[in-house]
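Going in written order, the chains are labelled A, B, C, D and E, and every chain counts its residues from 1.
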Amino acid sequence: MENAWLIPLFPLVSFLFLLLFGKRLKEASAFVGILATLASLVYSILVLLERLESPTHKAEAVWLTIGNLELTAGFEVNQLNALMLVIVSLVSFLVHTYSKGYMHGDERFPVFYAYLGLFTFAMLGLVISPNLLQTYIFWELVGVGSFLLIGFYFYKESAKAAAKKAFIMTRIGDVGLLIGMILLFWQTGSFEYDEIFAAVEEGAISGTMITLTAILIFIGAVGKSGQFPLHTWLPDAMEGPTPVSALIHAATMVAAGVYLVASLFPLFNASETAMLTVAIIGAFTAIFAASIGLVQNDIKRVLAYSTVSQLGYMMLALGSAGYVAGVFHLMTHAFFKALLFLAAGSVIHAVHTQDIEKMGGLWKKLTFTGPLFLIGTLAISGVPLFSGFFSKDEILIAAWAHGNYGLFWLAVIAAFFTAFYMFRLFFMVFTGEARSEMKNVHESPSVMTLPMLVLAVLAVVAGYVNTPWFGAFLGDWLVEGNEALGHGHIAGPGWIMIVATAVSLLGILLAWMMYSKNSISRDWLSSRAPIAYGVVKNKYYIDEIYNQSVVFATKAISLFLRFIELFVVEGLVKLTTATVQALGKTGAKIQNGQVQTYGTIAFVGLAVLMVIYALTGGYL
Amino acid sequence: MDLETLLSFDWGTMTPEFIILGFIAILSVADLFMPKHVDRKILGWVGFAGVVLALASLVSLIGTDTTSILYDTFRLDSFAIAFKLILLLGAALVMLLAIDYKHNDGLEDNKGEFFYLFLSAVLGTMFMASSGDLITLFVGLELLSIPSYILAGMRKRNMKSNESAMKYVLNGGISSAITLFGMSYVFGIAGTTNLKGIATVFGGLTDPQHIYILGLAFFMIFVGLSFKLASAPFHMWAPDVYEGAPTPVTAFLGAVSKTAGFVIILRILLSIFGYVPVAQEDGQPIPLLFAMQDYIAFLAGATMIIGNVIALRQRNIKRLFAYSSIAHAGYILVALTAMSFITFDAIWFYLLAYVLMNLGAFAIIQVITMKNGSEDISHFAGLYRRSPLLAVGMGIFILSLAGIPGTAGFIGKLNIFMGALMVDQAHYVLVSIMIATTVVSYFYYFGIMTQMFFRPASSEEKIQLPMGTLVVILVTAVGTILFGIMPNLAIDFLHTNFNQFMDFMR
Amino acid sequence: MTLTGEFFAFMSLALVAVIGGVLLLNLTKVVHMVVALVFTFVSIAGIYVLLSAEFLAVVQVMIYSGAITIMMLFGIMLTRHHGDEAEPKGGTLRRLFLLVGVLGFGAAVYFGIYDLDFEAVPNTLHENNTEQIGISLFSHYIIPFELTSVILLAALVGAIVLARRDDEKEGDQE
Amino acid sequence: MSSVPVSAYLALALILFCIGLYGALTKKNTVIVLISIELMLNAVNINLVTFSKYGANPSITGQVFALFSIAVAAAEVAVGLAILISLYRNRRSVNIDEVNQLKN
Amino acid sequence: MEFNYFLSLLVFSPLLGILLLAFMPKTNESGIKMLGVLATLPSLVLALLAYFSYRGGSDLANFSEKFRWIQFGGQGAEQSGMFTVNYELGIDGFGLVMVVLTAVIATLAAIASFHIKKEWKGYYMLFLLLEIGMLGVFTAQNLILFFLFFEITLIPMFFLIGKWGYYEKEKAAYSFLIYNGLGSAVLLIVIMVLFSRTGTSNIDMLRVILNTENAPMFAPISESLKMGLLVALLVAFGVKLPIFPLHSWMLRVHVEAPPSIVMIHSGILLKIGAFGLIRFGMGIFPEQFADLAVLLAVLGVINLLYGAFLAFIQTDFKMVLAYSSISHMGIVLIGLGALNEAGIQGAIFQVVSHGLISALLFFLVGVLYERTHTTTLANLGGMAKGMPLASGFLLAGAMASLGLPGMSGFVSEFMAFLGLFEEMPVLAAVGALGIIMTAVYLLRAVLAITYGKAEREFVGVSDIRSFEWAPVLVLIGLIVLIGVYPAVLSEPLQATLETILMGIGG
């Protein structure tokens, strides 16, 4: 555990190595990446196992001295970190493996792996950071990794736009985080988590300040985790290669926001307002994104909105003091969403389109991918016995137990939506008529299916580490030794589980009726409420609103400033030079070549001086 | 006065003047008897030798005690030596330029006359530096002026030259009259023309009416003499005259004659008006000169502004340098305004630097204008390609004129600033004007740079440098840089040998 | 101020001098102007006599009324004239400007001198005036005197150089 | 002692000086301009001679000064005329306001 | 004592190159280029030597050297120890860092200058002169020497821009000259006021004299005068930095000058403004500086946002970078305005970091222009296809510029904001908007060049090659080094910071 800092270094080495020699290695680059992440994975598991027994380990060294302030860098292995290490390195390893098949034949194959390495390094670094500053550093680095990978197909204008958008939108959140972090620093004198918590506990910070900083930091999380209103980049981020979506925009990076809030849970918990904000934003995002997901036709976008929605769930959990529930869902979500994306990737790989309207009847052709996809779908829909069921249930209980009844019902509806759109997706892709143009559809190679298989297993079993029936092992472990995180298991009314099961089954049923059985017309909603349908279909016009307001305002300010630049700044300069020139012109004009003028001016000058002297300095 | 008394004076101290006088005689006689077709260039070299000889003898006089001959009508004090050094140095350089000056419009027939008229003007400047009597000063001034009028008009067939001489003589006459009018009042109130005597009388003045009249006299003398400085308000002749006069004469007017103007103004102002007590409100009288500071400052400011601003519009290189020389007169007036304990240092050093850089620049201007027969600034285009030496040389002079560090011009300005800022009532406004106008001057100075270095040449023809001009350029360039990097050579020389001009009034 | 002979003499001389000056300004023919000025010069000589400067008075008559005036007349004759001295055109503003300047100047100076008076000191200027000047000039002021000779030499040479007609071609009009 | 006050002489000089100046700066004919300058110098001489007799410390110096001034003035006139002739030869005019080739 | 003449050697070693170049035949292109680069190496080696020996524990005071240079005002002044200007060089931690930065960037820019197409000889001679000036600025121990070097940078820049620049080079050169001329004019006034009134120009002495009650001075300096001087300093260095609204010259320079020169200009010359503000403004007038802190911070935020918003709508990449420089200099001001340890250290970090980053970016601009002959965003696109390496580096540079952690830009930005948030949180929050805008405009511009559809005509262009690797790798390496291990920079600075903060605190 003392050497846990090595974990992020493996991918870093892979990144640097591939930068230097990638060109020569060609597709062999994959092995470098896979090997590096495998090393990380193995080590992470060792660390996790060790952490199960022993207490938190933390090591730091001075990074930067500012006068007598010393900022440190180091690493910490606590329960959350150890868990995250495993999740991240596992998913990363699987995605590395998967990509070898998926990216086969791409001319920038080594670059892809290099980027993946960079991202994995940053993400692993992020999860073992012992302080906010370091968190922020890696926070930004994962952003870059994400940016690079979204824009991997740089020649596509849409990829370019998406990458830019992702970077800037998250950057907005990051500034919030930065401000919050710095304010917190001046309040507590430290970036260290434990010192901050200590200060909070002692009441060294005023309540308002806690609320303010917590909300500012939450803005960072909103940006990163694609929460409303900074969610728009995440669906666009699907421009990146699908394995990237699985790794970054489903399992790990987008969960970083949740991770951040979880890491700072004691701070948030100290402010009712902050908690409520987190919960409301979470719940709203959950239902909001789910509703958009209902009508999307791009396989990856559906999954993306689903991700946004699920992240909202996690936020809701944290905001409802359900620390364990949030983290638990983070974990299960990582597995089943990664699985779904990889499976989707496998589908895209097979049919070369992302439009689900153009798919159908793939169940028979993709004999392997199909069932795996179904497992993922079941898990996310909260069908009992799958992992999603347990974690979602925890969240609902937490929300109810915290007294956020309104939010609880929102979450329930969102669960219904989730089940519906996921199965809508499943049915449209795998059932129904096989399209005629779908020739040459074949199953992906095993290098792609095996990772999916691993994830599928996890998607099924991961839930059992924390269940009401077999003991809340995970929860107890997570909160062990830290009361500020709340209880390992929150007991809730038994009916909640039934409601949850009911809505998910209802959703599946509805989807089956509309998209498989066709007993309800697919246009049922769009024909009855075209306006509402249009609004949802267009993602509530959020992008357009942003374009019209923020982007427009920025441009307007810029143009206004250019006006100032041209007319005020430059104008003043021009005025000055013009004045000097005019003076010169006048002077030259007076110099008219008439010698008597010269004499006159000289003499009158003398006379003026003398008269002034006589009037002022003279005697009498 | 018998022979004994006559011989009792230390005539040796007048050696430099006698040498110049002797050479005037030699040249005039030689010119008279030389056959007409013989090139008079040789006379130029003789004249140059004379100036150098005079310079040498002047150098040997450094360190002699203050001597006064005939009631101060001639006096050799450290002030005189220090400034005569500059004057003779300038004169020697101008002489070299004049030797190489060739222009086919009337001057060539009278080259012999040109040289000894020039020497007489130099003689005049020397007496202006070296006298303690109003009459000698006035006569010295006229001895400078009258040959200058003639020299300006010596390109007889060139209308511009005629016009220039005409303008010069008319303005000069008026300025002389005004100066003299002022001097007559000074004489009237003092009853003597001896500067020390005047100072003694003035020191005891109490009658406010007399002081008032002296104030008027101050203005008349100052404005009258500002003609020689080409400073406001008597500056307007300068561009016309500089443009029309033969280039060596322009160089002479711009450098040597201006120096002489400062010399006489310092001499008269300090020894006369520095002693007139002006009662202040607090009862503590201050010298009239200090009471007049605001006026001088105003004129200095006006001079700097006028010179630099109008120079922006010039296309004729000589005219441009005329305006630039007006501006430089303004800079030096700033030092005069300040009247700090380093005013002498500042003015001396600045004049030294100014003579070097200005004459260097004129040497190059002469080469270029002679080559092209026109004085338009565009003939400098591509000079860097045609003659890198000339271009770099001109670059150095221009940088120095613009007051860029590393050149003598900068140290000169530094001295002036110091003086103006170290006094209790520091002249912030004046210094600001000076610096602002300096920046304005970058426009036209660097305009020449632009021509020389950036613009393509109209012809690729190389430029041949005559010997004398080459010497001038080298000497001035080396001096400009040397005194810019190691100004202590000059400043220490000044202080070790001249002891702060303590003997100014002794 | 008593009405003495000296006073009358001064007044009449001064009047003539000023009238001469005013005529210089107002006459239209160049020659007339010069002649008017001769009167001024001569009356100034008279004033010198009043001021015990007999030698100067003689010099004044000889040089100004004589030499310089004659020289001027020569100058006028040597250069062709377009008839009368017409008023220069367009310079009205300048003249007005100048007039104000001259008046200001005059006022400022007059303000200083109108009641200027010095303690009367007896002097012997009128005795052997020429001798006194001679002694002063050749002992005290020998250096400026010699310098003046250089000036005159320079002026002489210069005048010849400039005024001499070139035998070769006539002025190249630039 | 004197029935004519010093100030009268000085005032006369002042008036003549002003007249000379005005003439020098307004007259069109260059000869007249030159002669006006002479008038100014004459005014100065009156001053000098007056002070020589009635000044603070009467002495012959004032007259000597005046003498120098006359000598110089003569030289100046000579040169001025010579320049005028030289100019006239090229330009065929003695009008001062036509001498304006050099300007700006 | 083994370090005698060390700094002189460091500063003036390029002179050797100039002399050797003077004897090179004009046409020997590769020889001149090689020599030009080689001539920058001694300084680099010496600078690194100094850095490592300092890190190795040797005292920077050992490097100081001092000779009597100019003595103004004669013996009297000399005895009282006043008005002596020494030739004195020395470095503190800050100076050392700047010297190393200068030496590094100069060498890299010399390599980048291989792209220069004509008249290499003159180019490299001026270039080396410029390097002398820059090195001198950071080592000068008195204000007059500082000013001298400061101006020495001005003149070569004028020529380098005016001769080797792009389309409107002369206009840009003039703009540069006049603005900087004005700036240095104001600076000169400040320097001269200090020198004239205290009698010394040594920076440390001034620090002591001005902050001690009743310290001996030649003439008094009132509190309001001090304030005035500081404001003047702010203007003077504000032109250089540049501070809004004194920035318009710098845009032209960035656009018109050759990229290798912009590397120097943006990398070092702009930083002289910050250096001066910290060294003189804070050092000599700590109390007044504290009074102005709010103003500075506000100006900083204005700069930051103004630059960022305008960079957002530029159509030319060089303009984007130019405005980006303005924006980034705002961070320096923010740090200074914070006036605490974090802020000042942030400002200094930003100085160094932006120096490296902008050098990198402009080098890449040069590489790009070399191949495409355009920098207009609309004409470019998809360069990542043809030149993936250059595009990658460009992106890396942009990332560094927008403050990506792990690169130097983040450290400085972070510290500056850390500092400001302690003092003025609201203002800082407004300023933080700039962080977003930086990302917006940089990505917009860089992605427009590198991403998107490849312009067909640029598909065949070659990528980074041969000598181009050196600047890119060194700069990226340094940027990352500082970003990852800021101690390389912060440790040498500690002593300087303590001195400065002591002044402010006391």
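Everything below uses one rule, namely that contacts are C-beta pairs under 8 Å (C-beta built on N, C-alpha and C of every residue); 3 or more make two chains touch, one makes a residue touch a chain.
Here the structure is a predicted model, which is why all the values come from computation and not from measurement.
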Other chains in touch with both subunit A and subunit C: B, D
Touching both subunit D and subunit E: give me those chains, sorted by label. A, B
Could you tell me between which two chains the number of C-beta pairs in contact is largest? C-D
Would you identify the chain whose Cα-based centre sits farthest away from the centre of subunit A? C
Of all chains shown, the one whose Cα mean is least distant from the combined Cα mean is E
Counting only Cα atoms for the centres, state how far subunit B is from subunit D in Å. 26
Report the inter-chain centroid distance for subunit A and subunit E in whole angstrom, where each centroid is the mean of the CA atoms. 37
For subunit C and subunit E, what's the span in angstrom between their mean Cα positions? 69
Measure off the straight-line distance from the CA centroid of subunit B to the CA centroid of subunit E, and report it in whole Å. 43
Numbers and ranges of subunit D residues touching at least 2 other chains: 20-21, 24-26, 33-34, 50, 55-59, 61, 64, 68, 72, 75-76, 79, 82-84, 86, 89-90, 96-97, 99-104
Where subunit E touches two or more other chains simultaneously, the residues are none
Residues in subunit B with touches to at least two other chains are numbered 135, 138-139, 142, 146, 149-150, 153, 156-160, 165-167, 170, 174, 178, 209, 212, 216, 239-240, 313
Which chains touch? The pairs are A-B, A-C, A-D, A-E, B-C, B-D, B-E, C-D
Mind listing the subunit B positions that touch subunit D in their complex? 134-135, 138-139, 142, 145-146, 149-150, 153, 156-160, 162-167, 169-170, 172-174, 176-178, 180-181, 184-185, 187-193, 201, 239-240, 243-244, 313-314
Taking the complex as given, what residues does subunit E use to touch subunit B? 68-76, 83, 144, 147-152, 154-155, 158-159, 162-163, 169-170, 173-174, 177-178, 181-182, 185-186, 188-189, 192-193, 195-197, 218-220
Which part of subunit D faces subunit A closely enough to touch in the complex? 21, 24-26, 33, 96-97, 99-104
Provide the residue numbers of subunit A that touch subunit B in the complex, in ascending order. 580-581, 583-585, 587-588, 590-591, 593, 595-599, 601-606, 609-610, 612-614, 617-620
Per the contact definition, I'd like the list of subunit C residues that touch subunit D in the complex. 1-4, 6-7, 10, 14, 17-18, 21-22, 24-25, 30, 33-34, 37, 40-41, 44, 47-48, 50-53, 55-56, 59-60, 63-64, 67-68, 71-72, 74-76, 78-82, 85-88, 91, 94-95, 98-99, 102, 105-106, 109-110, 113-123, 125, 129, 132-133, 136-137, 140-141, 144-145, 148, 151-152, 154-156, 158-163, 165, 170-171, 173
